[in-house]
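In the two assemblies presented below, chain A is common to both, partnered first by chain B and then by chain C.
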Partner chain A sequence: MYLAEVKAWDIVKKQYRYKLKSYFGVFTSLIVIQLLAILFSFNGTGSGSGSSNSIQYDFYYYTSDIILIFMMIWAFITAIIITTRAYRYDDFSFVTNRTISQVSNILFLLSASIFAGITVYLSTHLFQILAFYFKDNYSIIVDSLSFTEFVMGMITSILYIFLFACAGYLVGILIQLHKGFLLIIPTILFGGLILDGVGGDPELFVNITRFFGEETSFILFICKIALVSSILLLASLGISNRMEVRK
Partner chain B sequence: MNVVVCHDLTKQYGRSKAIQNMNCRIAENKITGLIGRNGAGKTTLLKIIAGYLHHSAGDIQVFSENPFNNLKVSANTIFIDNEMSFSQGLTLKELLETAESFYPNWNHDLALKLFDYFSFNPTQYHGNLSKGMKSTFNMIVGLAARCPLTIMDEPTSGMDSATRKDFYRALLKEYIAYPRTIILSSHLLDEVEDLLEEVLLIKSGEKCLHLPIDQLKEYAIGVRGKTVNVEKWTEKMEPISMQEIGANMSYAVIRNDRSLQELEDARQLGLEITPVSAEDICSYLTSKTKGGIDHVFSRG
Partner chain C sequence: MINVALLFVIFVIVASGIGIMKSTNKVSLGTRKIRWILGGYTIILAIATVISLSVLPNYKNDQKVATAAEMTKIEDAQTKAIDNLYSGNLVDLDKAFSEKKKWSFPFEEKSLDIVLTEGETGIMSVFAERKSENDGEIEATYHVGKSYIDGVDFTNELDPPELLLNGQQLTVNNPTLVTVSFSRFSPGFAFSQFSKGEHFSQEIRSSVIGRDFILLKVPNDIEINGNISWINE
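Take a look at the complex of A and B:
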């Protein structure tokens, strides 16, 4: 009897294709959440008003911020879901080993993030059009983007979503390693935030946001995200290698 | 060539040992039955062979490699049990197509024919199948994959008797058409004994016997007669099992290695000598106490 010799990369591709097909529900939830986000954004994501002698005006911003934040949360949760036992065991009904399983998961999360990033952009337009038709607006100013700005904006959204997916993946793997993390992680996260803010001058959360948000160089921003995501993913890979394959 | 070689294999869960100091070799292209009582460590051993669990001590080689988390072993092995998990997002038909893309020897024609024969609905999902239907579907995947090492852990659980018979027949036909190493675990030896070539009997995580099925069938004999006589005759032997079967009557099971003279003596004492079926041999060998379940209820 001859033994089949398989190449790891071939199996990664097969697992990835299998995941795109079988995790289709993830994309359904993406659309539902975006519709919800559009609903939430409908009143404008920011507003203000002003007046002078004879004029009084109100203005509303319609941006994709809320949709992007919803997508980041979606990516975080999706990543946790695909680390759960049912999803992990699905891989092992077919040919795989742990590294391949993880790499194909990461590729899946990356593609899901790209898809989400593109749809964030598209749904922004959808709800701007909806706002145009259904709200009593007197004038609308649309900030038109140049092609490079548009591409940069999209890549930024994708990277933010992917960053959250990586964080979710690590959290998911930790929970799979030991159920205790289900308690420990929220405690550390929220406890840390509360302790940080208790003095009235929160720093931790602000600094993390600044680390990414105030980066003016696009290349450096990409590097920062890439660095943090790789740390998160390598940690996940390392931890998952301590677990049994299937019980 | 041996497909599986275990040397002093031990698997520990916390303090309890599920497998201890197991030494065995499973030969290529044979159907081996893994027989044992509940909790004897059958599933643990099979999962270690399939590369799902890490062994604690000793050594195991599958296709001359350590199976744990090994891609080559994964590609050439299929592990079928009733906990097999398939994606909820794919229909049964799509699952078969996915399996086809993963297993190089996959016989899609056979898979579809079996699929039709057992009247599966191609648009159904694996999670919605009944227990017996799940086992049947898993069995189809296991047979069609034509993996050099096919491991089936209690494959017939939940199947009705007609499906069981069909399954054993399908397994045998597939094996003849495309020989491969098959390890079949079961606690119903009666059902599978016509299929098996070798039997690996395990008891509380240890190897108890590893014999060709023909030798196992002749492994022991049963002696029935008056308790006094049975005890007298088996005095110098070590009976595998001894139980009372009514007033002053006893039944003992002993190794089938007595001389003709001794058997003649037995006849003189009025003892009746009977063959013991392979299934009974296994249950006597693996029972924890010599008296059997009757011992629990005896008012002694």
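Take a look at the complex of A and C:
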């Protein structure tokens, strides 16, 4: 029996609000990376050409693909950054434990992913309007979205970004557990990709991409992301609970 | 070149991230300044979205975009109809081809010389069939199959050939080469993954250029000289 009884969820909420203010700086990098992505998308995110007896054609695609991929990388790195010592020690300003700290971090990452997902859609309009006015467009075709497509697309973008954030979070926690992972993880990641591609028929990366990218059922896609994200986050929780309080 | 630049940027992003990770201090411009930057950026994005949503829909693509499977089906139907044409079967012709242009020439000569001029688009295929009567008229129809570029129907953009009758000589000038260039504004794979059956690897669809030919209907008793294919003869 204490004079002031503290509920875990209240602390999570307080920490989450604090982190939204304290980690605000990560959004400046979001803007910089999004502007870079717009710059790279400006020449078209895809193109094709061909000819036959009666027609010669070339076409250019202007899509949000590069912006979304850059945002995934941003989420991955941001998640690693918030596991670093400088950010982690802020949690000790509160009465807290590892789990509360992790939950508030996850909530922050989810919020950041939602913001990034929304700005992916908005920044696509920015670069498309720039491409519309500043590029020589012989003929223009605009693929419109229905409301359902818009909502599903927005959720999909957010989930892709969140998935990368979860992966980054696990990587960050592993690095905090032992600095050796700073070397081991890139070695396994890039070494695996190189070994996979040595035979000329890469399967690992392609299969991972297909697992999410070729899913045509929206519900199943959500389940897949939820399952993989949960595994990554539970692993992070499990590992971080084994760490010392101030390591 | 752009791929190298892209890799360089990704490298710089990752390197900066690692740099921050190794640092014991948080990188911050100050909350107030960041709020202004973020707020300003969001307002710019919102304005751009409003402009984009009010300007770009004027160029909206209302026609259905054909899938790779649909285009393959159309291409197969055209090939089958042409094969049938060689064996004198005109039944499925209307399903696979449309009549883009028709000509009618009064003709009282005994023989017709057909000259196919080779243009930048090659030589036109010409099929001929005899009418049951001698009505003193040559009828020509230009048939064209559907052409899709990246799933978009461009059949109407194609020009018909030119047919000139001079005495007993019919000259077929091939259509001029049409150049089509277009920019396509799409939302991206995340927005089309479930709605149109497009996946990571299928964003760019294939193209089908429709086959074309001229079908001549000639009076029963005239003789034809030239590089043509007879139907049922």
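Here, the second predicted complex is superposed on the first by the 235 of 247 C-alpha atoms of A that agree within 3 Å, B and C clash if a C-alpha of one lies under 4 Å from a C-alpha of the other, contacts with A are read in each partner's own complex, and residues count from 1 in each chain.
Definition applied: a residue touches a chain if its C-beta (ideal position, glycine included) is under 8 Å from a C-beta of that chain, and two chains touch if they have at least 3 such contacts.
Treat the numbers as computed from the prediction; the structure is a model and nothing was measured.
S.K.: Return first, second, both or neither, reflecting whether A:I11 touches chain B, chain C, both chains, or no partner chain.
M.R.: first
S.K.: Quick one: classify A:S64 as touching chain B (first), chain C (second), both or neither.
M.R.: So A:S64 only meets chain C here.
S.K.: According to the stated criteria, A:A86 is in contact with first (chain B), second (chain C), both, or neither; which is it?
M.R.: both
S.K.: Touch test for A:L122: chain B only (first), chain C only (second), both, or neither?
M.R.: After superposition on chain A, A:L122 lies in contact with chain C alone.
S.K.: Tell me the contact category for A:F24 with respect to chain B and chain C: first, second, both or neither.
M.R.: In the superposition, A:F24 touches chain B and chain C alike.
S.K.: Once chain A of both complexes is superposed, is A:D143 in touch with chain B (first), chain C (second), both, or neither?
M.R.: So A:D143 only meets chain C here.
S.K.: Looking at chain A, which partner touches more of its residues: chain C or chain B?
M.R.: Partner touching more chain A residues in the overlay: C.
S.K.: Between chain B and chain C, whom does A:Y160 touch in the aligned arrangement: first, second, both, or neither?
M.R.: Second partner only, chain C.
S.K.: Chain A residues touched by both chain B and chain C?
M.R.: Common interface on chain A, chain B vs chain C: 21-22, 24-25, 86.
S.K.: Mind listing the chain A positions that touch chain C in their complex?
M.R.: Residues of chain A touching chain C: 21-22, 24-25, 27-29, 31, 33, 36, 40, 43-46, 48, 50, 52-65, 67-68, 70, 73-74, 77, 80-81, 84-87, 119-126, 128-129, 131-132, 135, 137-146, 148-150, 152-153, 156-157, 160, 172, 175, 182, 209-210, 213-218, 221.
S.K.: Tell me, which parts of chain A touch chain B in their complex?
M.R.: Going through chain A, the ones touching chain B are 1-6, 8, 11, 14, 17-18, 21-25, 86, 89-90, 92-98, 100, 244-247.
S.K.: Help me check something: in the complex, which residues belonging to chain C touch chain A?
M.R.: Touch residues, chain C against chain A: 2, 5-6, 9-10, 13-14, 16-18, 20-21, 23-29, 31, 34-35, 37-38, 41-42, 44-46, 48-49, 51-53, 55-57, 59-61, 65, 121-122, 147, 149-150, 152, 154, 157-159, 174-175, 177-195, 197, 199-201, 203-204, 207, 209, 212.
S.K.: Per the contact definition, I'd like the list of chain B residues that touch chain A in the complex.
M.R.: Result: residues 28-29, 47, 51-54, 63, 68-72, 74-76, 83-90, 94, 98-99, 101-105, 141, 148, 179-181 of chain B touch chain A.
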